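The following blocks contain the structures, represented as structure tokens.
Next come two complexes, and both contain chain A; in the first it sits with chain B, in the second with chain C.
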Partner chain A sequence: MLKMKKLKNSLSKYIPFFHAGLKSTLAYKSQIYGWMIIGVIEILFIFFLYQAIYRNAPEGMNSVINGLTFYEMILYGATSFIFGNAISSETGWNIYVEVRDGTVVNTLTKPVSYRIRHLFTCFGQAFFQVFFIALPLLVILYGIFIGCGFVQFEPLQFILNIVFFLIFLLLAILINDSIGYLIGMLTFYTQHMFGLNMFISSIKTFLSGTMVPLSYMGVFGVIFSYLPFAFLASTPILILMGKMELLMIFIYLTIAIGYLILLEFINHLLFKHCIKKIVVQGG
Partner chain B sequence: MALIEVKNLSKTFKKPIRGNGLLSMIKTLFSRKYENIEAVKDVSFSIEQGEIVGYIGANGAGKSTTIKMMCGILFPTEGEIIIDQKSVLKHRKEINQEIGVVFGQKTQLWWDIPLIETFKILKAIYSVSDEDYKERFNYLSELLDLKSFMNQNVRSLSLGQRMRADFAASLIHNPKILYLDEPTIGLDVLVKDKIRKAIKELNHHYNTTVILTTHDMKDIEELCNRIIIIDKGSILYDGNLEDIKFQFGNIKNIVFPRFEGFDENKIKEFNDKINIEVDENIKLSFSLNDVNMDALLLMLIGEYKINDFKIFDIGIEEITKELYAKNEETKK
Partner chain C sequence: MKYIKLYFQYAKLSIMSKLSYKSNTIIGIAAFLFTEITSILTLFIIVSQVPSLEGWNMYQIGLLYGITNLAIGLDHLFTDKLWNVAYFEVRSGTMDSLFLRPIPVLFQTIALEIQLEALGEILTAIFLIIFCSCNLSLIVTFESVLLLVVGIIGAALLITSFKIIIASMAFAFKRTGPFLQIVYNFSNYSKYPLTIFPKIIRFAFTFLIPLGLCVFFPVTNLFNPSSIGINPYLLVAIIIVVTAIILTLAILIWSKFAKRYESTGS
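Let's look at the complex of A and B:
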């Protein structure tokens, strides 16, 4: 009981970081409108691209390519875009800015954990991105696709899919933030973010199945589905679309938790090393 | 027992050697050489509760590096820092609770949110009780005149407003020690004055220990009783401000406007130990040990009919210059 109270007290220190993350996301409203416009363009692009692919398939628009019909493919592309935004984390960038400006000195003089502080800021951002953007858009998207009969789901199965999807959504936020934190830690050594960011963004886009579903990549797709990046798009989306067996869901759940623990362990060691090597930019 | 004890502190940075030109830059891609820079060398001092200490030196002298080690941000290469009988390296988080820090060029305020939110965040971080928070918040907002922009986003504040807010933010948890690293840099005279008054008032009100680095010698003269002068990582002087003025021969300066017919030779004839500088004004500097000031004044008034002049003691800036010059000479 006493331990619980202590834990609650020490966690309450981080609540303001959650609020700060939430408020800083709200501060840049134009970004949200910009993102929505890009979203519409991207979905139109996916639509026309896959329309061309499916039209030229042997059974035309009724073909099933790599386990997905044309409408399922469009649904996958749209969900992947919305999901990508929902889990996006600024942690890596925020750390880089602190390292670049030297303001990391202010963060390190506060009696709080550097990792947990960034995690709560990420939760604040994710709260807005998930509850105010992603979930309403997904409800509208799936409402349209189910309502128009483009895709069909068993009601009970679909509810179960949603429950697992939400669990994997949380894991995706945590894994993505851990990767962001890792990249941020590396900027303590490199003092630059641009190259690292480009590298990790391309890796993530490719290996997570955001650009093309992993099932399109044959045996490589199967291997990639076991990497941590797959949990940032492919696995959760396939679960929501009912394309995954229950046993596989549990296997992936275990793997995702394992990756999360491993990433956090690496981050912990890296921070301990960084803190000894820190050089404050700008005097 | 002193509140802060710095024992044989040294810090060496490993810095890559970069040559000039494209070829050298390409070379560094394949083999990189490093040099060791000793930023702080065997520095030791102790500070008592309630002292205001000026830590001064030229750019790159090692001031900020020492302060950052004292805050636990940088790890010393050698030596240790004890605050309130605890090692900074071993009890960093605990000690962070006891210190407040203002880095003049690096804000601790949350950029995208209203200023008041930063104070609320800091209240939670430092677990400040509602009662204490209310008392300090009101006191600091009044002292630093923050109320008019408390609800503005930090990114929209002027530098002066931001510095005042930064200063208040570092004090909301009533730290035992306040580190101020160039707190008045880039500020106008009015804001500087406000910050100086606030430092004095806080030291008096809460008995806060203040360690101040600055290039503005007026900060030092107005605030500090004790100064530590550092050059190239080593301490040149640690002691009372008045003592060092005395050590420098009780030097006085007389300044009056430049005029037609001023003859330097006449002054030299009066006493050749008077140093004369002529620009828009004429400045005579001398030691009271060598020159009879009353006689000099009588001569200036009698001979030149000067009735508009200022007399002031040697400034800390001049003392620092002298110390630096002496240090260079000793090395040669």
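Let's look at the complex of A and C:
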């Protein structure tokens, strides 16, 4: 009991960082409209491209390609776009800006954990992205697809899918933030973010199954599904769509937690090395 | 002549400043190279699911993708600073110095930056074009090559023109970067055969944002000349005229909006 109280007290000092993350996301509301227009363009593009693919498949629009019907493929693409935004984290950029401007020393001298501080800022950002954008959009999307009979789910199974999906959503936010933090740490050495960020973004997009489901990649797709990036799109989306067996869900859950612990451990070691290396111009 | 000399001076300065941060430049080029490779792999993975996509095989689609990316890469190499104008520079007031010099602001904006990172994009596009061409029986004649070269330059200039128009609006509205991003994302459609899209999008890419006119028809002409339904020389002339009109319009719009530039007063 005493320990819990102590933990609560020590975490309460990070609440302002949660608010900062939330407010910084709210401050750029206009960007959300831009993101939505881009989303419509991207989803329409996915629709036209896969429509042409299925139209040209041997069994036409009724074909099942790599385990997905045409409507399931569109649902996968749209969910993947919404999911990608829900878990996006600014941690890497925030660390880079602090390293570039030298303001990183201000936070290092304060009695707060550098990692937990950034994690709470990420939670603030994710809170808005998940509860005010992603979940309402997913409810509308699945409502339309189920309502129109494009996809079918058994009610109880679907509720279970949603529960597991939400657990994997939380894990995806944490893993993505850990990767962002790792990239941020690397800017202590490179002093440059643009190229690094682009590099990791394309790795994530490709290996997570954001652009194309991993089942399209044959044996490589199976290998990629065990990498940490798969938890940033493919695994949670397939769980929501009811495309994964319970046993596999538990196996992936264990792997995801393992990756999270490993990433945080690497981040911890890297941070210890970085603070010894830091040089702030002008002091 | 004076401007050509000046352009090379600016370009030299830009390259020298980029090379003073060699590791950053190399990471940037490698990042673009890697991004393009993953995009191409994605394209091939999707297209390989079916024997052909509306009559286009994998290599023909790859060729179209490569040609479009080459045009996008050329624009990226020479006019990348327009992104900064649309996103930050008007807002931060850093364009003051350009307005004080007796040289056209648009010329300086473009000449001030050679974006070496675009080499990653250009190199992968060239590799893809060569790879796909080797796997296709292309009809290579003087007119088909001329049409292709004019098409690539035309497409690059069209992208630049749209960037100029949207970036210039930042003089009035301070920040038009997200809008530029939307148009840029929309232009990705032109990397795929127009025939997979509905009529309205085909119309848009032929007449409104005529990237399809510059890329889709010249590439089609390389393996199926009869299907484009127009004399290649006439198409060359149309591409030149359309590009010239849109570029002129873009420069006029820039000049008009540039008059509304005001410093941040800091």
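By our rule, the second predicted complex is superposed on the first by the 280 of 283 C-alpha atoms of A that agree within 3 Å, B and C clash if a C-alpha of one lies under 4 Å from a C-alpha of the other, contacts with A are read in each partner's own complex, and residues count from 1 in each chain.
In the analysis below, contacts are C-beta pairs under 8 Å (C-beta built on N, C-alpha and C of every residue); 3 or more make two chains touch, one makes a residue touch a chain.
Keep in mind the model is a prediction, meaning the values are calculated, not measured.
In the model built by aligning both structures on chain A, chain B fits alongside chain C without clashing. Of the two partner chains placed by the overlay, only chain B lies in contact with A:His19; chain C stays clear of it.
Judged by the touch definition given at the top, the superposed model places A:Leu269 against neither chain B nor chain C. When the two structures are aligned on the shared chain, A:Thr205 is found in touch with chain C, with no touch to chain B. Look at A:Ile41: by the touch rule set out above, it reaches chain C but stays clear of chain B. By the touch criterion defined above, A:Ala52 lies against chain C but remains apart from chain B after alignment on the C-alpha atoms of chain A.
Seen from the Cα centre of chain A, chain B and chain C lie 80° apart once the structures are superposed, a value rounded to the nearest 10. Shared-chain residue A:Ile65: touches chain C; no touch with chain B. Of the two partner chains placed around the shared chain by superposition, chain C is the only one that A:Tyr216 touches, whereas chain B remains out of contact. No C-alpha atom of chain B lies closer than 6 Å to any C-alpha atom of chain C in the overlay. Shared contact residues of chain A with chain B and chain C: none.
Here chain A touches chain B in the complex through residues 9, 12-13, 15-17, 19-20, 23-24, 27-28, 101-106, 108-112, 275-276, 278-280, 282-283, going by the rule given at the top. Chain B makes touch with chain A in their complex at residues 13, 59, 64, 68, 71-75, 93-94, 96-97, 99, 101, 103, 105-108, 110-113, 117, 120-121, 124-127, 153. Those residues of chain A that touch chain C in the shared complex are 30-31, 34, 37-38, 41-42, 45, 48-49, 51-53, 55-57, 65-66, 190-192, 194-196, 198-199, 201-203, 205-206, 211-212, 216-217. Of all residues in chain C, only 21, 23-24, 27-28, 30-32, 34-35, 38-39, 41-42, 45-47, 49-54, 117, 178-179, 181-182, 185-186, 188-189, 192, 196-198, 201 touch chain A in the complex they form.
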